[in-house]
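Here chain A shows up in two complexes: once beside chain B, once beside chain C.
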Partner chain A sequence: MPELPVAWKPQAENVVFGKEVSRIDGVDKATGFAKYSADINTPGTLHGKLLQSPYAHARIKAIDVEAARKVPGVKAVYVFPDRAPRTNEETGEPIYFEIEHEGQPIAAVAAETSGQADDGLRAIKVVYEPLEFFVDEFHLPRAVELGRARPIRAAQQGDLEGAFKAAAHTITGMYGIQTISHMCLEPHGSHCEFTDGDHLTAHLSTQNVSGTPGQFASPLGLDAAKVHVSCDYMGGGFGSKFAADEWDIACAAMARDAQRPVKLMLDRATELNIPGSRPSAFAEITVAADADGKLVAWDSHHWGTSGPQGGTVAPTVMPYVFEPKNRRTRATGIVTNRGPDRAWRAPNHPQACALTQTAIDDLAAAIGVDPYDLFLKNLDLTWSATSRNPADKDIYAAELEIAAKLMDWKAKWHPRGEAGDGPVKTGLGLALHTWGGAAGRGTCTVAIHPDGTVETFSGTQDLGTGTRTALAVILAESFGLPYEKIKVHIGSSKYPMSGPSGGSTTIGGVSGPHRRAALKALGRIYDLVAAKHSVDAGTLTAANEQILSAGKPVCTWAEACSLLGPMKVEFQGEGPANDGLTSAQVGGVQMAEVAVDVETGVTKVVRYVAVQDIGTIVCREQAKSQVLGAMIMTIAYALSEERIMDNATGRFVNADLQHYKLPRIGDIGELIVEFYEPESQYKKGVIGLGEPPVISGGAAISNAVANAVGQRIPVLPLTPKRILDSLRS
Partner chain B sequence: MRDFEYESPTTLPEALAILATGPGCRPLAGGTDLIDHVRVGRLAPDVLVDVKKLPELNILEAGPKGLRIGAATPCFRIVAHEAIQRDYAALADSAHIIGGIQIQNRATFGGNVCTSGPAADSIPSLIALSAACVIAGPQGTRRVPIEQFCTGPGKNVLQPGELLVEFELPAPGPHSGSHYRRFIPRNEMDIAVVGVGAAVTLDAGGQTITAARIALGAVAPTPLLAEQAAQAVIGQPVGESTFQAAGRAAREIISPITDMRGTAEFRTHVTGVLVERVLQAAVSRARGGRS
Partner chain C sequence: MARKRIVTARINGCEQSFLCEPRQTLLEVLRDELGMTGTKEGCSNGNCGACTVALNGRPVVSCLVLAVECDGTEIQTVEGLADKERLAPLQQCFLEQAALQCGICTPGFLVSASCLLKENAEPTEEEIRFYLAGNLCRCTGYDKIVKAVQAAAAAD
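This part shows the complex of A and B:
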């Protein structure tokens, strides 16, 4: 028969695809059978630990590790590249390494016990020359004065002056959002072991199984083919785990030196500090509307820091989603001695949304209209993440309507500050977002055994999102099998290459290749069944562990597979492809209801609604979990989570879970997730969902608090202190 | 983490004998603070003397004379104790919010008091309810009012070789009620930015406050007995203006610090708010409300 057409099954025919199913690895995770990098303890594993800079900015004038090598139990000592003073060969001048932030690794030790590793670290002598440091992210004039500000990047379009002059309503305000850490539940790190002399096996907590062997190989002087990266399970990355990091290289180098396995996982303080953060952003914004409430002009200057690199939120995403025709955006990055940034779930978008859609909400309050109506009226000014073309405003309008129903917005909304008597004020807020989510690169090998067993091999990874389950569901639906029976092999760089999990590219990146491979396999099996049973291959389908012809059973799945011959047959899948299985571009609307105690400043999220379009849904339960996780992360950065830098010492003072305030269960409130899914969404193809639901909630919660207390609390997180300071000033 | 020896005596004299051997000995109750301090290197004891097997430290008795709480009584027993819930409710409030359930199963009031943190959740309740600390040592047994027990952050009156054995609380009279509440930015499992405990006694009509003790945590180097705040309500009618007067008085006597958990100004403001709310709740309990 001709090749089966590449498409998902008609929606009505799906048995497990798009349905609620439990994770195939849920029991393994809940019972501890699932092994994470930190759980790997092959015999003889040494404890690896880091020596880190206590200074935010310093030169290393000398390092002496010889005493550490003699400490009982210490089996390897490693000095990070360039840390030790060198001499410029041409000039003879000494070259000293410049520490750029507190916690920067300098050396590492591997020892028989954790205590001996500590003893080894204490024996290392480092002479520092402390330098002036700067960790103030907020005060731009101070940064300019100290030469810490990068040149302004500006972009302008339309007639700004004329538009402001003609506008009926204009507001100016200050907005901000503080730096946060990735806070992966499982810290960064690896277990490294050499076998056969020069073959490295690295159990690395990574979002990039297929991409990291080469990153180990190069600095270690190995062939990439001699490095095997393994990551069966991992506990969150959020954009911070794409690399074999320098401490992982240290771990591997010490394993080679000691000829023993070494495990080096970051401790919690280090995990919060050095392997990534989301840049802060603060802005002065003026925005204007005409007499009808149509946005006509925007002028913003935002600043913030990504740490030593001095970056800030990309000006290209400002203003966020709503784009008045006349506009100017300016951006200033600040160079600080703070731990460096890494991509954090939807890079740039949460900050841009928190700056933009709070200002627009303030404009609605100034005009005296319900922000719901103002947002609705301006949907034709929205852009989409995949192009600068207008977004599908009908989808936003429909999502606004769904969210409003779930929130009971029209009944509950009150004008800003009119929350009644008593110390606890309630309020509503909303915001919306956009994201691409196109499929990443991916390949897979689907093997069908003559006994009907199905397994797949793919060098992708499951960050906790449910990738493993999604692959089982796709193959199960394709072959008409129970999804629990599909053997899924992922998390090894020995498997067919699959792209890094970032930017919401994974589900598209793995689902397309698997469906394609499955259809190839089905075509082959249908041909064999057709020949054997004298039926038309074009009438065959697979369901209920059977092959059916025009709905009538012909043979069992296992009988069909036995026709493949005595050996398993493998089918390769590749992607992405432009065949309709996957696509890009999603949006969503979020609404929050909060209760603020204006005597103590404590804010509770009462109800939080997320409405999201995501194209074709593969695993409904896991998709919902993605959104729920994003909402919890959002409540964290909206209300309590922030890195507190001490201007006097340059240190990150709350780098522990006691003072780095993540919400507790009781802080979460009622979460409602609703997918916008008319038939057109199913036909759209699979699109990633990792980033979008974490974008707009910060603005929505800030808007709800403003609605409750009667004024904007400018900077997220909205801690009790910030709220009381604003209310009492 | 530094290695240490572990002793587990079963009689009080035996425990005191071990503690007398040197300053490197440290009593271990639930260990939820102590072990963490050893882990991060803040403390480096040579010997940990487990006091959980000492009968004297596990007493939990309520009678006409009052309440006795052994120093090694874990929080969960205090939360679940009916007489405490009824007559010493502030203690149950405190025990209920120290850590999560696993911590409450392990952590003890004695340990919380001996850690002597300014933000300890048990101490304002014990102060409000007039607890006395019974201390055994090489020189015999002595009693110290709980408000005099702490002498600074992490410091207290215990001398080398001494062991906190139990708390003695007088029985509250009729029409009495107490409450403890803390301010934390999150809903649960957090360290108090301000903590307030109060115990009040009303006249038979429930309209006038005849006796009161108010205690404040996390707003000075040690938990404070706020006598001025109590004076502001004793003899006064129950009502908002009385509570506000206590709140104002409390704000006057504290000396909070500014740190990442709150500025001095913020703590001062919240102290007043909390004193008012805690008094309201204590009065409600004195009138027969159980919440």
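This part shows the complex of A and C:
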């Protein structure tokens, strides 16, 4: 028969695809059987630990590790590249390594016990020359004065001056959002072991199984083919785990030196500090509307820091989603001595949204209209993440309507500050977001055994999102089998290459290749069944562990597979492809209801609604969990979570889970997730969901607090102190 | 280095003796000496609950308990929750209610929740949230965990 057309099944025919299923790895996780990197304990494993800089900015004048080598139990000592002073060969001048932030690794030790590793670290002598440091990301003039500000990047369009002059309503305000850490509950790190002399197996907690062997190989002088990266289970990454990091290289180098396996996982303080943060952003914004409430002009200057690189939120995402015709955006990056940034769930978007849509909400308050109406009125000014072309405003309008119903917006909304006389004020806020989520690269091998067993091999990874389960569901739906019976092998660089899990590219990146491979397999099986049972291959389908012709059973799935011959047959899948299985561009609307105690400054999210479009849904329950998790992360960065840097010492003072405040199980209100899914969404194809739901809640919560207390609390997170300080000033 | 001590405890119903240094925590001994890596390390200073085990029936953060303190005690870890081949109802409910994502916090939540259900067979939602406040989850919807515990309470 001709090849089966590449498409998902008609929505009504799906049995498990898009339905609620349990995770196939849930039992392993709920029994403690699942092995994460830190759980690998091969015999003789040594404990690796890092020596880190106590200074935010310093030169290393000398390092002496000899005493550490003699400490009982210490088996290997490693000095990070370039840390030891060197001499410039041409000039004879000494070259000293410059520490750029507190916590930067200098050396590492591997020892029999954790205590002995600590003893080893204490025996290392480092002479530092402390230098001037700067960790203040908020005060732009000070950064400019100290030469810490990068040149302004600016973009302008339209007649700004004319538009502001002609506008009926204009507001100017200051807005901000602080730096946060990724704070994966499983820290970064690896277990490294050499076997057969120079073959490295690295159990690395990574979002990039297929891409990291080469990153180990090159600094260690190995062939990439001799490195095997394995990551069966991992405890979150959120954008911070794409690399074999320098401490992983240290771990592998010490394993090679000691000829023993070494495990080096970052401790919590280090995990909070060095392997990634989301840059802060602050802005001065002026925005104007005409008499109808139509946005006509925007002028913003934002600044912030990504750490020593001095980056800030990309000016291209400002203003966020709403784009008045006349606009100017300016951006200034600040070079600071704080731990560097890494991609954090939807890079740039949460900050840009928190700056932009708070200002627009303030404009609505100044005009005296419900922001719901103002947002609705301006939907024709929205852009989409994939193209910067106008967004589909009808989808936003529909999502606003759904969210408003779930929130009971029209009944509950009151003008800003009119929340009654009692000390606890309630308020509503909303915001909306956009994201791409196109499929990443991916390949897979689907093997079908003569007994009907199906397994797949793919060098992708499951960050906790449910990738493993999604693959089982796709193959199960394609072959008409129970999803629990599909054997899914992922998390190894020995499997067919699959792209890194970032930018919400994974689900599209793995689902397309798997469906394509499955359709190839089905085509082959249908031909064999048709020949054997004298039926038309074009009438065949697979369901209930059977092959059916025009709905009538012909043979069992296992009987059909036995026709493949005595050996398993493998089918390869590749992606992305332009065949409609996947696509890009999603959006969503979030609304928050908060209660603020104006005597204590404590804010509670009472109800929080997320409406999201996501194209074709693969695993409904896991998709919902993604949104719920994003909402809790949002409550965190909106109300309590931030890195606090000490300007006097240059240190990250709350780098522990007591003071780095994350919501606990009692700190969240009612969370409501609703997918916007008319038939047109199913037809769109699979699109990634990891990042979009974490974008707009910060602005929505800030807007709700402003609505409750009667004024903007300019900088997130809205801690009790910030709220009380603002109310009293 | 201080001399190692012998400690004897009932772990998941089996009496076990192990050697440990006085400075080793119960968490370190479980994971590094006894190979019981189901109990996770999230922070090592008592703030995340990933390392929760039941010590004489009470939930404790094993990163703050010295192993030498455990002589003569009864310890239950996540590995001891399932009854041979069958998951405990609480574990089953965690799966059915999708109360886990990456799963690294799950052992701690399960042990804490099992202690709760032993103390209080019919906890209110408020009591569940209060009891599990020491357990941190970075990725999942906490609500699903509450629902899983409620479902387990109803099933018993």
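The working rule: the second predicted complex is superposed on the first by the 729 of 729 C-alpha atoms of A that agree within 3 Å, B and C clash if a C-alpha of one lies under 4 Å from a C-alpha of the other, contacts with A are read in each partner's own complex, and residues count from 1 in each chain.
As a working rule, contacts are C-beta pairs under 8 Å (C-beta built on N, C-alpha and C of every residue); 3 or more make two chains touch, one makes a residue touch a chain.
Quick caveat: nothing in here was measured; it's all calculated off a predicted structure.
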item	value
Touching partner for A:Thr719 - first (chain B), second (chain C), both, neither	first
Partner contacting more residues of chain A (chain B vs chain C)	C
Partner chain in contact with A:Thr465 - chain B first, chain C second, else both or neither	second
Partner chain(s) touched by A:Ala12 [first = chain B, second = chain C, both, neither]	neither
First (chain B), second (chain C), both or neither touched by A:Gln658	both
First (chain B), second (chain C), both or neither touched by A:Thr31	second
Which of chain B and chain C A:Met567 touches, first, second, both or neither	neither
Chain B versus chain C as contact partner of A:Asp267, first or second or both or neither	second
Which superposed partner A:Val602 touches (first chain B, second chain C, both, neither)	first
Touched partner set for A:Ser114, first chain B, second chain C, both or neither	both
Overlapping contact positions on chain A, where the chain C interface meets the chain B interface	114-115, 658, 663-666
Contact set on chain A toward chain C in their complex	22-23, 25-36, 38-39, 41, 72, 113-115, 183-186, 233-236, 238, 265, 267-268, 463-466, 621-622, 624-626, 628-629, 631-633, 656-658, 662-666, 668, 671
Of chain B, residues touching chain A in the complex	1-3, 183, 185-191, 260-263, 266, 269-270, 273-274
Contact set on chain C toward chain A in their complex	1, 21, 23-24, 28, 31-32, 35-45, 47-48, 50, 77-79, 81-82, 87, 91, 94-96, 98, 100-107, 110, 128-130, 132-146
Footprint of chain B on chain A - complex, ascending	114-115, 599-600, 602, 604, 640, 644, 653-654, 658-659, 661, 663-667, 719-721, 724-725, 728
